[in-house]
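Okay, so subunit A shows up in both of these, paired with subunit B first and subunit C after.
Right after this comes the complex of A and B.
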């Protein structure tokens, strides 16, 4: 019957067009984008609006979340590590500025990356280069209010807002500023995250690694911080390292877009 | 009567001509989990007669547009217009064809998206095994009274005739696609029982999804549907109301041979509808409501769907 001939022809046409070669030789460089998406628990972080549940009866309204992301390294499937050029590897993520939440990295070797490492803050090596070595980034950090004027050093993490609790019925300001204290106390820490899906950098494909930073972890992480105990933490040799640990623990990779 | 027959012959030729023509055009890429697989909508009518016709399907979904609890949602409305048919090749062999045109709309809080075009064509060949009434102690298939029971085994494929766009798959609902871009295999088994006044029609299908040019592979899919129907004969026509359940169960999506988390799921539906059977054509309408679902980690909520069809009978 003619019908069957048509069907056979149809199937053949499909089969022929469906055949593609998948072997590819990966060369050249590409780009990658990191998105730092701030959250509070499982909600997208909203500044100055919803009061979030802190510890116990504390309710907080967040007005500022800023942090320095630095020294980005990518590890591929074979375990080879690509280090992004150090001088270009300092960024400020600011919840008030959506653009700052996307970090674009250029000239990355085309590979399938499975791990990412980054630091929060400025390492001692960079810090000891002084104003000249830190160059443009120092200006950027000063403009963003990420430098202590009264203490030579960077604020790695800025977290501000107001809170109320059973003991503090009136809205009261809180501020956590965490950083290294000159050379006396090094609070720079690095985080390595495993990607659920590999980020495939190609000359013609820019993957995006979507990183979530759960700000709730600052108060509820390894160390529990009651704002009623201390609402202002700036330079504190005991509490700053504890905040640094909590900040370190707030990052996770949600997914990778290829 | 001869007039009608000639008409059918003409339509048949036209239908296959258009099918053949389409096979030579527009081989893009795509397919999708929710929108493009016929799934529980089935490949035929209640009593599995031969026909050619048109079918309209409306499906609605609400999807989270983001990764957080408080992320906004988008509403997806899928309109599918199908030319479909079930054409006898021989007494026991049929071919069913579904040729869809997709018009998909998605409404975000701040913008709208619309894609339309040819969807993925489905072709299934069916082998019909009727059972006959018991003679003495043994079932036999030769020339006796039909028992009303029949089984059909279907083997087919879904062709990558609809467009697949990688950028769309990066959204929470990767089903917003004209097609999957893949060549898929379909295994299907239908059991039908038709008595004088009532009958049941059940189908289970398994879709083996292929990989598309983006090295993207939708999860394999298991679909089932069961309908109970009742015939109310009138002078010129019969009304056949029916009620049924159906389900679609999806495996995880893979890309570059890596499993993508939160892309599996299932949806179970109930359907009510009716067919109106005239001598030369069938009009059908049904309404499907999800009873239970968990798609894409709960981020995609299937809402109601509606199907309308008008088929011309090829049996007489």
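Right after this comes the complex of A and C.
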């Protein structure tokens, strides 16, 4: 009788140590917040105010920065990927609307995530589902001015304002609108960013991934864009994909709040 | 006692059943309807799985198609520029006028057999039928509205609440339902009952006349490489050597959508069904008659700043198609066999 008690106590102890010595078993789902913080080089982005330095002598005043963030996926340290439900995975980040810069994702399995992937724009797969696939995102996008009126497609990225330069002394409008070109050219691109410290999603802890979007990269990234050369780029088979690449390069993870 | 219990439970059961039955009477279930595809037609491209045709959905789509309140001025409906008697084109208009008397720069295309296509408009600016109506609804020179505002308006009209409820089992108008209903109506608009179809399907005792037959042979030799198949288009975009129209310097053809230089002044090869009724012709409606169109193909082609389709370049490098005057008369006789009076007069598509 006593022996059995000892044995039971022994097993209890082993079980207890097991629980404490290795990682606690993490279960349940939690939430995560993505903050898209738009910047211009080392400064905060302010609309309609400060002239920012573009390339060479170009000085720009920015009036609109908007983009579609989509198809969010999170990867944990073991390499397991969690894909956020596709139908709920389309968002518009609009510099004019501070609320839009915080994307709240719900029902994420509790884990330590080390990488995030997202797309800029709308993939053809979603688009070709027709009305069924767009759901209410189409309405939202129209409200936000992210749908073209002359072609039935989304604007993935909108960047507008005015500029001056040594060659253009008068304030002149510029506008970059980037999206896919019907079935001719797909400009949807995805970005994967590594998190400096892991985002620890728990039932009772909502990490916030602070992503900085450096808008200067649109003009100064892989391809340099002189507004004096082309101030209006809407559908251009050469330049639109270059803008897409520059836009993809503008994101970095600054830090993760746990 | 036991008998009483049994009786009570039977009565209760009966009441329950009755309750269920009554409830069922109040649930409106849209009536699914089949799509009749002519036997000489290809498979449809439209995915009906995402948007099954229902009697109520089609009816709502038809009402929306003729609804002027989809436009900012309350007048310009889809049907305003797409009139049934002209195979749903804008009768006699080279280009169409929309809200505030604004003009576009393209000729309104027929609305027929759209279920068999996956790209739309002269330049392929829409790549799904559901999303096509966004262009005319939101364009400044067509209906000048926004989708959110249209939805808000529709939700404020009690008659639409009933129609949406009937079609989608929910009274609320949403973007998805608006576009689905419009598609359902357009999907049903199939024109496949012309004399040509009856001859091809060997229906009744319908035969081509000698002239029509001569025209058909010429057509197969000289036109059908682009205007191919039962739809009379290979759905490609081509530069047919139409002279550049200086009235619309912004016109770039397919390049506007693709951004590719090579696509400058390329336009969708249009279907020729009901072509007798869809005048004026070409992307800008510059030609008033089929004779004008054929004269253009024999004598009117020119360089226009783009790459002219090799199929329209003769062996000696000159542009055009060789057709004699008799050939043209025969061709036109054949083209008129593509007129589908059943479609043009079908009450299912009529405004009134």
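By our rule, the second predicted complex is superposed on the first by the 235 of 258 C-alpha atoms of A that agree within 3 Å, B and C clash if a C-alpha of one lies under 4 Å from a C-alpha of the other, contacts with A are read in each partner's own complex, and residues count from 1 in each chain.
Just so it is clear, contacts are C-beta pairs under 8 Å (C-beta built on N, C-alpha and C of every residue); 3 or more make two chains touch, one makes a residue touch a chain.
Bear in mind that the values here come from a model prediction, so they are computed numbers and not experimental data.
Enquirer: What is the contact status of A:99 with respect to subunit B (first) and subunit C (second): first, second, both, or neither?
Expert: neither
Enquirer: Once the shared chain is lined up, is A:183 touching subunit B (first), subunit C (second), both, or neither of them?
Expert: Touch status of A:183: second partner only.
Enquirer: Should A:128 be classified as contacting the first partner (subunit B), the second (subunit C), both, or neither?
Expert: It touches subunit C, and subunit B stays clear.
Enquirer: Please write out, lowest number first, the residues of subunit A touched by both subunit B and subunit C across the two complexes.
Expert: none
Enquirer: Quick check: in the complex, which residue numbers of subunit A touch subunit B?
Expert: Per the stated touch rule, the residues are 1-4, 6-7, 9-11, 13-15, 17-18, 20, 22, 37, 39, 42-44, 46, 112, 196-198, 200, 210, 212, 254-255, 257-258.
Enquirer: Which residues of subunit B touch subunit A in the complex?
Expert: Listed in rising order, the residues are 16, 19-20, 23-24, 27, 66-71, 87, 89-90, 95, 123, 125, 157, 159-160, 170, 183, 210, 213, 215, 255-256, 258, 260-261.
Enquirer: If we count contacts the way the header does, which residues on subunit A are in touch with subunit C in the complex?
Expert: Those residues of subunit A that touch subunit C are 127-136, 138-139, 142-143, 147, 149-153, 181-185, 235-238, 240.
Enquirer: Going by the contact rule set out above, which residues of subunit C touch subunit A in the complex?
Expert: 47, 50-51, 119, 123-132, 134-135, 138-140, 146-148, 151, 174-177, 179-180, 183, 254, 256-261, 263
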